[in-house]
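Alright, structures below, take your time with them.
Here chain A shows up in two complexes: once beside chain B, once beside chain C.
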Partner chain A sequence: MNATALIKHTQAESNLLDRYQSSKDGLAGSIAVSELREAAVEQIRDRGLPHRRVEEYKYSDLRAFMKSAAPLAAAADEAVAKAILADQNSYGDLERYQVVTINGVFAPDLSDVDGLTGEGVVISDFNSALKGEAGAQLLRSPKSAANDGVIALNTAFVQGGVVISLAAGVEVSKPVELVQIATSEGAQVSRTKVTLGEGSKLRLLETFAGETGNGELNAVFDYDIADKASLATTRLIAGKVDAARLFTTIATIAGEAEFKSLGFMAGPKFARNQQFIEFTGEHSEAKIYGVTMAGGEDLADQTLIVDHAVPNCNSREFFKTVLDGRAKGVYQGRINVAQHAQKTDGEMMTQALLLSEEAEMANKPELEIFADDVICAHGATSGQIDEDLLFYLRARGIPEDEARTLLVLAFLSEAIEEYGEDDVTDGLEERVRDWLAGH
Partner chain B sequence: MPAVQETIEQVKAIDVDQYKYGFVTDIESEKGAKGLSEETVRFLSAKKNEPQWMTDWRLDALRRFQQMDEPDWARVSYPKIDFDDLYYWAAPKSVEGPKSLDEVDPELLATYAKLGIPLAEQEILAGVEPKNRVAVDAVFDSVSVVTTFKEELKKAGVIFCSISEAVREYPDLVKKYLGSVVPITDNYYATLNSAVFSDGSFVYIPEGVRCPMELSTYFRINEQNTGQFERTLIIAEKGSYVSYLEGCTAPQRDENQLHAAVVELVALDDAEIKYSTVQNWYPGDKDGKGGIYNFVTKRGDCRGKNSKISWTQVETGSAITWKYPSCILRGENSRGEFYSIAVSNGHQQIDSGTKMIHLGKNTSSRVISKGISAGKSENTYRGLISAHRKASNARNFTQCDSLLIGQDCGAHTVPYIESKNASAQFEHEATTSKISDDQMFYCLQRGLSEEEAVALIVNGFVKDVIQQLPMEFAVEAQKLISISLEGSVG
Partner chain C sequence: MLEIKNLHARIAEDETEILRGVDLTVNAGEVHAIMGPNGSGKSTLSYVLAGKDDYEITEGEVLFNGENMLDMDPDERAAAGMFLAFQYPIEIPGVATMEFLKTAMNAQRKARGEDVLSIPDFMKRVKAAASHLNVSMDMLKRPLNVGFSGGEKKRAEILQMSLLEPKLCVLDETDSGLDIDALRVVSDGVNKLRSPERAMVVITHYQRLLDHIVPDVVHVLSKGKIVKTGDKDLALDLEKHGYAEYIDTAA
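For the complex of A and B:
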């Protein structure tokens, strides 16, 4: 799309521009960071929120969805945060470290800083880093989506976050749960920077708790994975919320490294989980999984670009979507293979199960290939529960509801099981059952 | 997996510098004034002795066109077209209205003979049984030169003539169906075509008639700086059947030429239309100089129950191809098919695919597309499969393979799969095949793997159509289909 010089701003867009004027003095950053913020606001002013005529947002019209935009959330309330933290417990008894942000800002007092420091992990406040000389580098955009509207929103308003750095060879013994807590209503805009040194290893759990009212949640996760390092991230997007939930992954993967992620999505009225993954070193592997459930009038969007910029890398993308009510599911995935990225192996699959007459699924599995010695495949299916399977289960005395639940579970488990990380994904079955029972 | 040697050689044999149809016919011709304006449209319409309603229709389209913006979503790039620097009318001087064969300028007959299209009715094509005779409508620049076997077809009730003739002779049919599948404002190039379309074919198959022979149109661009705007309309009444073939070539010239066609198909209850294209427009030279811009809107409307439309295309020509033969599956149990082989060489750019729009119950569609890119070309498959709310039990199977030869080309796949009905079952590139179970079973029984069986069935189908092509270049098309699926990427 060409930038339009002047557009008629929607209520939400006007709110956003006002929001920037009233909050910009309180937003952290060096001069270079301020310039980036200004440029991002300029983009919002010129192009507005991303809408259906922007190809990447064809099926997820954020402009139409956001009727208004709330101001940024007020300062953190630690007492409330403690209560929410004690209450949320997404991972039960799982041994893990916790790193907490409140209303987008790092809360060291609620985080296991000592434990992590002991393991060789450096945890610091994103805002402090933003003020530093290299601050602007923390706000990088992915090459494959330089002008993305959701990232621009994040850049303009980012309130804070966490910087997690692993020195070379550090292997963290337990998963690290990054809990983003909202203690007051309003927009929550955060950014997480994770740097993995050579040969280091981390398992990250990303969870979100608390109410944001009418405010959107915009969280960007930026992973910088060095040679031979390994990162697994599990993102839990849950809860019935009416405001937009926007998540972005930016990952660069150096040589002989591994990146694995699972995006689990159930509940929000409008959720978009977009991931931009780029290989920068050879002989690396990325495995991206998505499990999406949407009911009612929900819109759930999993968007993904995997950039094979160098030779000899493998990627696997496997997405499952279950839709009910009048929900709309979106999968947009693209594998790019650069001209010299020979011996690339990419395999993308997206499958949707429609449980109701009025649910809708839009699949767009794209390939963009410039190298001639690669294996890239993609598949897409959509359909309803197989009546034969249902009959088989019912013939064995399983009540219809339970039979349906089993079939949905079996359908979604394929992706969860392939992702692995069994200790982390143990509780997901329960979440699927809860969603089926209660959405 | 890299391409196998055999494939590389086959593709080389049809490389852009091997273009065989690049000669120019030296014939005196008449051109309209350059430029796109109301006068141009009125001149064109007057040249064709069109009734007022047709002129008005064109003028309406022109006015709408002038308010539209050129689309930029396709993965092709080219300098902006100056529509005022084109001739919209060019015709050999010797052609004044429809003629019988013996009145046609021998120079024209020689041209078609050179292209491998014998226009004489009594002639039997080499290696073809007399029962496989083909009626040809030969379009030269802006006019139809001759239509063969007209009388014989008329006996069966089939109307096969140029669209200009149809506008004059069968206005009711034309009025009823023209623009009913591709509306005037459908898209930029279709709107342009609606304003300035020059000639093309009109086919009407009456109820219950199986067209006694293959129908075919051969498009030839000869003049310089002209645009060709063909318009084809095929109507298959209840229970009828027709197979239609289209071929096209152009001389080798250094400047680009525009070809913006619209093809509309209407299939009523139980009717079947099989539409095959061998597109071999001049692709430009090795350095990407010259060649045809082929911006085409082709759409079939399965309006009736149990109707069927199938598109088969072999694309080797054109500098730029922008073409999405589509099916609107409106009637219950209707079926759409799209089989395509698109080969790009040199600096060619192809952005092609199909749309299968499932509106009715129990509709089914199948899409098989094979793209091969070589040289410095770009080859994109862009497709839409959609099931609307009421399209219960819609079925689609799509397979699109592409193959790259060399490091300077690109292959892209942009499928849109939209399902608004839970009982619609869509499979894209799935290995569990929805190809006719019987055929699959037969092949598997004989020890073929599933992949081999799919390849055999697809190639078998394409071969079937191509072998019936009356044109010499069918040989090339045949070479193409023998390219193995080996080494292809998804």
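For the complex of A and C:
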């Protein structure tokens, strides 16, 4: 607290430091948690928001983007939340459980707690857990990004969230949709902790609804996947939003386990979906998919580090990006293979489709391999709609706009189909169409 | 139905002239064959009719049922009844064949102010056409043309043609790549579409196809111009003697 700042603070940084002073007494946590929060604020004070001279944020300068920082969103308004919940319905008729947070805070009354309890899932309030003895463990950082600026922002201000725990062997029969609702303007800072016991199985849907005004949304998801467990998560980042949307995945995967995720992004002005995935047990598999659309002046960033810290694991990374207008797409993906992580199989591909001359894609797939007996590959492509394909469709009577839509859908569907989870991804086609029609 | 008058076209990119004054009139109910050496401009003519914008029209006109076809977009031409069976049908990964067929049929119907097809009606039509052309439903479950063999692609083109029921069918070397049985199946499919209201332009190198689809008129295209027009015997003559005689006249 006594250190003099090393940098000249921007308006947003000053706002954030003020925000911390004015809200810290209301933020939950044990003494150890408070210390973590203080350290995180210290980091913001010393280094500021992450900016383009920080390698990981080279293409996504959050410091330049955030002109100011709103206060944290006020207390939850359940009536408003109910209306938003009824209205948003991201998954139509899909049979699912819902778990709701309002302005970052768990709302048990709007959640299917009974149903989930019946299935053997324990749902609890993140804040209560944060106050407990093991509270600080809920705020772990990924090994591969110990001082990440977005995670620091989350740690400093996290308002609440949900803890979802599956005991060994629990297989949830329906997907669980975690709906994070904003009922008032202001920053929304949440954290979700998901613990999968041995052999358990969960399909998670992550959706976000409501307006945050000029407040940033910062959501961290921390998945702890035990041996033989399986987790599939679909993250839906949609809607035209002017404030920064920041998403972080931290995943540790034990032995013979499966992790699969799809990050779907369309609409926000500035969105970053960063994922830090670490294999901690052998013979496991991670499949990470990204489907990104950006138009206008949007920036959409998919950042990923997969740590093959142990031998005999497979990972697949497949990202598709469609850009229009003067939008900028970013893919930074790195597969790390530790020296003893023999027999690693990693296959990373990032492909961009540029619908305009001025759109720009920064594709940066990387392999960092220290083991000698591995199969790893990466590739990146960037191109326009193939005029011959377009002509073929038009020659069959399909008008140009519809033909383009079909080709964009075809491009994106490769990743969506490989992800699978057909019942969940059914509605994505409609979202792509909506985006194409209205971005 | 189709009137091509003194049509000149060049490649937009490098301005090379490919069509150098094509004149051709095809009436409803007629089948015309166009033959000619490699590179003489047959496919170019078919692309220009379909509206591909790689080519620039520098002179001449094309009337389709009296309307200036060159002013129409490719999809408008299709809705008006123009169909090109491509020499090299394109694979489109990620676009399901059935979805494509449905979209194309309904887009044309909408453009003509007709009702869209119900799913059962659509399925019925596809199944009927597929069975006539020996196209398996399995093939139709795949993305459009993806992994189809050369002959399967050609059959799929004729399947599309039967479903879209065009007024003017331009078939660009539909026979190439077909085995003997497939040639018969495809020809039967084409012959079934022959009607007094429909015209066909069949581009081919081989008399063999014309044994099955007997043309009313045969043209020789050379260096971007029609240099000889005759009846079906002209094709037989070409088969025996080659193009030398006609190309020389053109020079």
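The definition used in the following text is that the second predicted complex is superposed on the first by the 434 of 439 C-alpha atoms of A that agree within 3 Å, B and C clash if a C-alpha of one lies under 4 Å from a C-alpha of the other, contacts with A are read in each partner's own complex, and residues count from 1 in each chain.
FYI, contacts are C-beta pairs under 8 Å (C-beta built on N, C-alpha and C of every residue); 3 or more make two chains touch, one makes a residue touch a chain.
In this text, all values refer to a predicted model and were calculated from it rather than measured experimentally.
J.: Chain A superposed: clash or fit between chain B and chain C?
T.: These partners fit in the superposed model.
J.: One more residue to check, A:Leu299. First (chain B), second (chain C), both or neither?
T.: A:Leu299: touches no partner chain.
J.: Would you check which partner chain A:Ile237 touches, where first means chain B only, second means chain C only, and both and neither mean what they say?
T.: neither
J.: Name the contact category of A:Ile250: first (chain B only), second (chain C only), both, or neither.
T.: Once the two structures are laid over each other on A, A:Ile250 reaches no partner at all.
J.: For A:Tyr392 in the superposed arrangement: first (chain B), second (chain C), both or neither?
T.: In the superposed model, A:Tyr392 contacts chain C only, not chain B.
J.: Go through the superposed model and pick first if A:Ala352 touches only chain B, second if only chain C, both, or neither.
T.: After superposing on A, A:Ala352 lies in contact with chain B but is clear of chain C.
J.: Touching A:Leu409 in the superposition: chain B (first), chain C (second), both, neither?
T.: second
J.: Per the contact definition in the header, classify A:Glu400: touching chain B only (first), chain C only (second), both, or neither.
T.: Once the two structures are laid over each other on A, A:Glu400 reaches chain C alone.
J.: Smallest separation in Å between any Cα of chain B and any Cα of chain C in the superposed model?
T.: 13
J.: Quick one: in the complex, what on chain A touches chain C?
T.: It comes out as residues 388-389, 391-400, 402-403, 406-407, 409-411, 413-414.
J.: Which residues of chain A touch chain B in the complex?
T.: 55, 339-340, 352, 354-384
J.: Provide the residue numbers of chain B that touch chain A in the complex, in ascending order.
T.: 1-3, 73, 389, 402, 404-431, 489-490
J.: Taking the complex as given, what residues does chain C use to touch chain A?
T.: 50-53, 73-75, 77-79, 84, 86, 89-90, 92-95, 100, 103-105, 107-108, 111, 143, 160, 164
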